[in-house]
Structure formats: structure tokens, C-alpha cells
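Chain IDs A, B, C and D follow the sequence of writing; residue 1 opens each chain.
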Amino acid sequence: MCEVNKSQYMNEGTRDPRPGNAIPALRLQEDSLDKSVATTADAVAEVPDGAVIMIGGFGGSGAPIELIHALVDRFRATGHPTGLTVINNNAGNGGIGIAAMIRAGMVTKVICSFPRTAQSEAFTEAYLAGELALELVPQGTLAERIRAAGAGIPAFFTPTGYGTDLAEGKPVEMFEGKMYVRESWLKADYALIKAEVGDRMGNLTYRGASRNFNPIMAMAATTTIAQISRLEPPGAIPPGAVITPGIFVSTLVEVTDPQQEEVLVRAETVY
Amino acid sequence: MCEVNKSQYMNEGTRDPRPGNAIPALRLQEDSLDKSVATTADAVAEVPDGAVIMIGGFGGSGAPIELIHALVDRFRATGHPTGLTVINNNAGNGGIGIAAMIRAGMVTKVICSFPRTAQSEAFTEAYLAGELALELVPQGTLAERIRAAGAGIPAFFTPTGYGTDLAEGKPVEMFEGKMYVRESWLKADYALIKAEVGDRMGNLTYRGASRNFNPIMAMAATTTIAQISRLEPPGAIPPGAVITPGIFVSTLVEVTDPQQEEVLVRAETVY
Amino acid sequence: MSETDNPPRKLSNRQIAWRAAQDLEDGAYVNLGIGFPELIATFQPAGREVIYHTENGILGFGPAPAPGQEDWDLINAGKKAVTLKPGAAIFHHADSFAMVRGGHLDLAVLGAYQVSQTGDLANWRVGTSGVPAVGGAMDLVHGAKRVAVVTDHVTRDGQPKLVAECSFPLTGVGCVTRVYTSLAVLDIDGGKFLLREKLPGLSMEALQAVTGAPLHVEGTVADLNVPEDI
Amino acid sequence: MSETDNPPRKLSNRQIAWRAAQDLEDGAYVNLGIGFPELIATFQPAGREVIYHTENGILGFGPAPAPGQEDWDLINAGKKAVTLKPGAAIFHHADSFAMVRGGHLDLAVLGAYQVSQTGDLANWRVGTSGVPAVGGAMDLVHGAKRVAVVTDHVTRDGQPKLVAECSFPLTGVGCVTRVYTSLAVLDIDGGKFLLREKLPGLSMEALQAVTGAPLHVEGTVADLNVPEDI
């Protein structure tokens, strides 16, 4: 790259009062960069029919239940959005979350690694009735395809699935004596994720091991909507503790006491 | 996967005193998993001639100066290791660190993105004299090739470098109307990295923005040697604050007041 | 199962897990598959520290908390609540499978429907009907440095699970190198089952009769001794 | 440079940077190349918040600290000390270039040796001798949503830097969409230079004479007005 004028840098602004010299100081414009909205309904208001939606979480951990239910509410009230493709590790449990979306009839395809669990009746019934398409992806390949989408990598090779039904029709190639399968990035129109602390710029942290798919889905979607338990001012999260930088987040909504999928499923809650 | 016996799990051990039932409790064996060694000389004692060595850091930030100098010391005392390939973003600055390795004559190849800086005389002289091979890699491709090695991805496609001299001879392919170049993983025998806090299991955190290449190099090398400013007991780093999990680290050495490459270069220090 | 001279006593799952646990190495990074393989941690020998990995992003988790003390943001791949040991680390799914795929785990232990003499594993579905589910097994079998299997030696209706060639859909090709069964411990090398241990009193003939591929012996075959009362 | 009727006054680098800064959008994520492009941040218009990205793993850095207050673990890609603004985030190199390559940056502004009318950029070396160095430029040009260039309109010896086809080694193909020069502001679209602004008093003929490819006009060409005393 060109290395012109290396001696001059942004700090010049701090000692130069001439016209046009806006001074970037250690503060933020208070009216800028506020990605937060008031309600979960506002947050999901723009999701259109036919959208491909990544939904974070693994088991009961990190699932954005309130955002999902806001989407279900909108569908019940308006008939939209419908014809959705849902990307998650599972395919819904019990009668809430993704299972409620499936029961409501707004999902036409699921891309996941493990749709069969003890509580996956909603998916199982719709799938066996031929009402739902399924793309089954090994869990690590699912994670890497999502990460690849976020990182601008359209295709990559993985050893996972070589010689199995899940690699059928995919190009294979040998590297250093071992066989690999070529896989493609997996992009989405929207990601619905759950985080713990967020600031209005969209920087996020996650509670316990609830990161799972959330940070990579935030990277892979055109529009990422995050529900957070606590909205804090920029700077409250130390820069080194940010797990999802705000650049990956479009919209934030505070849900102060979020429900936990596992608890709802155990209580046999139906939404 | 098989789902046999799902109801039984590790907590059984806590209520079962029968033979063979070691109880995994919330403590660690004190004599296990100690990856720390006493000196930087001990840490680099096994690096052989011809090794491919990743060295962390970007500019003055995150460069493991003491580990590098221990390697230089060993070479001066024993003539080994020599014939090394060094992977770093740069190719050494001033008279210390990688520049000192080059001056000592123990390096035969450099893989990097930016070998030409205001203080890169050591590299420039050796390179123009034909004593050093150079593989020039765009910075993002360098980072991704290293990450790919750590993640078991032998090849991937990137738009970077398409149509340029640096993509010559590499397979290209179109995805969604845009051209991409196929690149390969970049592995190493050793990684020398610099972190701030470490525990004896090898969990690491980094100071400021000194992460840069360090965490991904730790993943990509067969053996990763980390110098840390402070050795703490396991648990001192909160699980969610670990940047490099111990699984990626082989050897640790405490260097309590590490030198900063930028300061040494500005002082025109020669090692 | 064919009749044999000595209808063999067989090990319980807990006993198989105990035997597999004896091979856990101090300082090893290990992933135990959901269900039966998880039992192995229960029997981790005293004096060895093992760091357990779970696909959903924890390294260094410990036993389940007391009932009622569960934190459902701290779970394993089987969605069961876990605790964190000192030195645990948390990361996201892509980093977790980078660990797996990148060859950083020392050992993965999985269940099996069938294992072939070339190390092929079938453990994710038995046919093409119903709802398929694969999870992380296909990644684990090609990622960990060693892949072992714990399994009954035969199916419920007596068919061999150790076979010449898997008839069920494969999870991975040539990936398994050790099998702990209810009757024996075997290594897989060079396209052959190498018998390492068998239950005391169980004849080679009886074992071969319930095994779907030839058993080979290199050196001696040890007795597979496991505590009775676990 | 060929003689023209009105030997044009030309903008200084600071003035070019000022003009480029006027197009910074509130809330934009921006990477400014080392050197000349970095100047743009100096002129960021009041009332707009811009989040600056640097390849070595910071989003949201601020101006340099006072001399003597440098922390060399907080630097930018040009190895210059920076500060962190509230809401900054730190990450490693692979994550940093995931941001770049994945299309998450709104804008990258780079320097140039040459820019072609099809948007090709040459900015990393001028020949095949000496020590080559590429850094992150090749990633930035294919990653950011918009790639702009700040440059003198001509080389020191008067040769056009805006050309029909680059003769120097390419950094990227068809990647630049806007160019801020010492004489004009141009967009690149459909394989053509579209003139948007030129210095007041500079004739089309004079500008064309120092431009290595045809200038096209769609609609009006505005005056390129920049404060004199910066």
C-alpha cells in the first residue's frame, strides 16, 4: 500500500482548529449508532415471507425465545411472514420456539444437524406428513458453513461426511492422503440471536455457554436481530470482552428476564 | 449418535463409592496438566533444524521477543536450530526479534504479507542477496490460511488476490457471479506466541490488541510455545474470558516484564 | 447368537465404560458421545486429569450439578446440565468444531450400530425411514487423534455389531481404531480386528461366532477383567 | 503533464482527505488505508459517528494518544499508537479479516498508483524489483461494500494515475467505485470514469488532458470546493 504522509495521523485534529477539522475525541455522538428498538414486535417487523432465518441457541441455551414468539405473533395476526427457512442445530422442542413456528405453519424448510429429539414432535409430524423440507448437515459442517458465510468464504473442504450419505453428489478431493468433501457457505437473510449484555452499538456478550451458534449466525446474516437481557452504554463492555462486535448486529431489543427453552419444554409450555 | 442410557451421567460418580468409581469433582489434580517450564531456553530447547515456525505479533504488539531471542541464543551457542521457515505478518524490524534471527543466519525462508518497512534492513539485505526465500501472502489470506490449518480445512476460496500476481497458478472459480481464488491451509511445526495471563493448563488472555495472529497461530502449529507475563492458577481466568483455550498450547514460560518490539526498534537496540 | 460351549457372561454398559475409562490418559482432551459414552467419565481413574470437550462450546466441564441447581446456559451436547472446572474455557460453535476438525482432541469415544474391520463406523441411523439426525458424530470421527467405540458386542437380537462391512449408513470411513465391547477389547489396524482382551473363560471360538469378521491375534490376548459390582 | 490553457491549482493531500471525509456516513464502519487515507479521519464532519476498523483487530479506535502516552499494544495497521473509543471491540486477525472479506465494512479508502476505468486498482508495487509488500489491501478491495481511492490526479512526473488499463501489478480487479483526486471526484461504473466534481476553473479539456481514459459526464459536474486553509 501507499505509505504517503505517514507522520500525520488522526491526532492532528486535536490541535488544529481550522475549518473542516472535526475533532474525533474519546466520546460518541449521543444520537448516533443507536440500534435498539423498544419491543420484540418492532425488532421482527420487517422479516418478509420466504426469508431464510438463522436462529441461535443449542438446546435450552441461547435460544431467542421472545424474538421467535414475536415472529409467531406477527404471523398469527397478519399471516406473515410465512414460507420461512429456519437454520438451527435442532428443529424445535416441545410447544414453544421453533416448534411453535412449525405448528403455526410458517416454516417450509429446516436446515439443521439434529432434528430428532425426545421433544421434537412438531417437526416430526410435519416432516413425516411431507409438509416440511429438511436439509440435514453435520453439526461441525453447519457451524463452518455459517462461519464461512460470515467470513466471505464461498466454499471449503472438510473431512466430515466423506463416504457417507450426507456427502452424496458433493465434490471430493484428497489432501495429504486423506479424503475431503467440498462444502459451501450458508447465508441467511436474518439471524435471530440471544445475548446477555449489549450496548446500543450492538456489541454483545453471552451468558455461560450460550454463545454456541449465536456469534457466527450474527456474522452470516444480512440483518441480525439480537435480544439482550441488559442494555448498557457503550464502553460498559470492555473492548477485549466483546464477543460479537456491533458491526455484525443490526437491531437490538432488551428482554430483561428472558425465558429459557429448557425450562419451558420441561414445563410442557405451549405457545 | 446412539442415545443409550441417556439418564445416566457423570454425576453418578458423586454418589457411588464402589470400586473404580473415581469421582470427578470440581477440583484439579495438582500435579496434572502443568505445561509451564522455568526458562525461555527450556521452552525452545526442542525446536529442530528446518522447522516451520509461526511467530505471533503485528508490529510492536504481541511479538514474543524473549522466546525469539532464546532461539537466537541457542543458535549462537550450538549452531541449531537453523534452516528455519518463519511465518509472521512482517519480516523483522530493526536489530531484534525476527530481524536478529535473520542476521544470525538461521532463517532460510519467510512467509509474510508485509516484509518492507522502514526498519526491515535485515530482511531486505538477505533477500536481495538471494539468501532468503520469500512467500508473499495477502494479510487476510495469511490469517485465513493459518486459521484453516488450525480448523482442519485444507483448502478454501477467497476473493482476495484474484487477477493479481499473487494468485498466479492458483485455481480460480466463480461463485454467485464473483471470481475467487483457491488457497491452502498453512501449518507449522511450532508457534511462538505472546500472551498476558496464562494458567498452567495453557489458557491464555492477551493485552490490548496484541491478539492479532497469536490465537490463530496457537491453533495451527503442532507445538505451541507461549510466553506469558503472569502465571495464574486454573480458574483465575473466567471461562468466558479465555481467548486461547489450553488445548492449543503445549508449553508456557513466564516472562514477567516482557520487552516490546516497538520500544526496542525505536531505541535502535541490536540483539 | 449361536450356541457356544460357554455362553458368555457379558459386561454391562457401566462395566464397558469402566474398561474404556482405564485408557484415559492424564492430561488428555476428550469428547465423549451423548449417552453411553458419557458414562466413561464416571469411572475416570483417580490421579488422572482429563479435560472434557463438548461440541456446544465448553472445554473442561465437570459433573452435573445437584438436581435443582442446573444452569441451562451450562449444558453439554446431550443438553444435560454440567458444571465448570477450574481452567474451563467457553467458545462458539465454529471454534468448537475447529478444535474437533483440526485434530486437537486426543480422543473421541462414540457409540455404534456397527463397526467394520476397516474402521468404518455406522452410528447415526439404521435405515432411510423416520427422521434422520446426525449431530457432531461425523465431525468427531474425522477430527480426534483417536476414535474409540463402546458397544455391546451384538445387537439385541444377537447379530454381530463388529462386521466385515457396515450395512447401515456410514458415519465415517476408516476412522475407528479401538472398540470396547461387552465381550472384548479390539484394535483395528490394517483392515483387521486385532483382539487385545476377551472375557476370562470366553473361548476364541465363542467370540468369533458372535463377531462378523475374522478376529486376528498379535502377541497375547489378555483377560478382560472388570469389577463385578459397578 | 501536458500544457493546458489553465494550469490547474491542485488540492493538497489534506484537502483531498477533507473532501473524502464529507462522504463519511453516520454510523459507517470504515477502514482507512495506511498513510494518506488515514488523514480522512482528521476531517470527519461533526455530528457523524464513524467506527474505524484496523486489520490488526480493533473496531472503534480513536485518535493517537499524546506523545509519550503510547501503548504499543494498541496500534493500527500502520503500527501507529491509537486510543479506544467507548464501544470499541478487539479480536484476532482471522476474525478481523472475516469482517473485511465477509462484506461487513461499509467503506474502505485506499491510496493508488493507478486506477483503471474498469475499477482495477494498482497500489502495492510498481515493478518486479526490490522487496514486494502487500499487507491487507488485496483483502480490503474485495471485502468492503464500497472501495474508494484518494490520490493525486497525476504522478510526480505528470503521468495520469487514472488510466484505461493499469500497467502496474494489480491489487484488485474491478473493485474501485469512487476516486477522490487532487483535481476531481469521479465514480467508476460500467467500465467508465464518470466525472462528478472538478476544481472550479479547471476546464474539461485540461482535466481530460491529464486523465488516461475518457471522462464521461452524466447530469451535471459540480464544483469541487474545499477549504483553502487546511
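Please note the rule applied: a residue touches a chain if its C-beta (ideal position, glycine included) is under 8 Å from a C-beta of that chain, and two chains touch if they have at least 3 such contacts.
Listed by chain with UniProt protein names: C, D = 3-oxoacid CoA-transferase subunit B.
The model shown is predicted, which means the values in this text are computed figures rather than measured ones.
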Centroid spacing, where centroids are CA-atom means, of chain B and chain D in whole angstrom: 33
Chain centre separation (chain C, chain D; CA means) in Å: 57
For chain D, residues contacting two or more additional chains: 58, 90-91, 94, 97, 100-101, 134-137, 142-143
Chain B residues counted as touching two or more neighbouring chains: 144, 147, 151-153, 158-159, 208, 240, 243
Chain-level touch network, classified as line, ring, star, complete or other: other
In contact (per the touch rule at the top): chain pairs: A-B, A-C, A-D, B-C, B-D
Residue numbers on chain B that touch chain A, as the complex places them: 144, 148, 151-159, 173, 175-176, 180, 184, 205-206, 208, 240-241, 243
Chain A to chain D touching residues, read off their complex: 1-6, 8-14, 16, 18-22, 24-29, 32-33, 147, 149-153, 199, 201, 203, 219, 233-235, 239-240, 242, 245-248
Partner chain B, residues of chain D touching it in the complex: 55-58, 71-75, 77, 79, 90-94, 96-97, 100-101, 120, 130-139, 142-143, 169-173
Residue ranges of chain D in contact with chain A within the complex: 13, 18, 21, 26-27, 29, 33-36, 38-39, 41-51, 53, 58-60, 62-66, 78, 80, 82-91, 94, 97-105, 110-113, 123-124, 134-137, 142-143, 226-227, 229-230
Interfacial residue positions of chain A with respect to chain C in the complex: 58-62, 89, 113-117, 120, 123-124, 127-128, 134, 136-141, 143-144, 146-147, 158-166, 179, 207-216, 243, 260-263
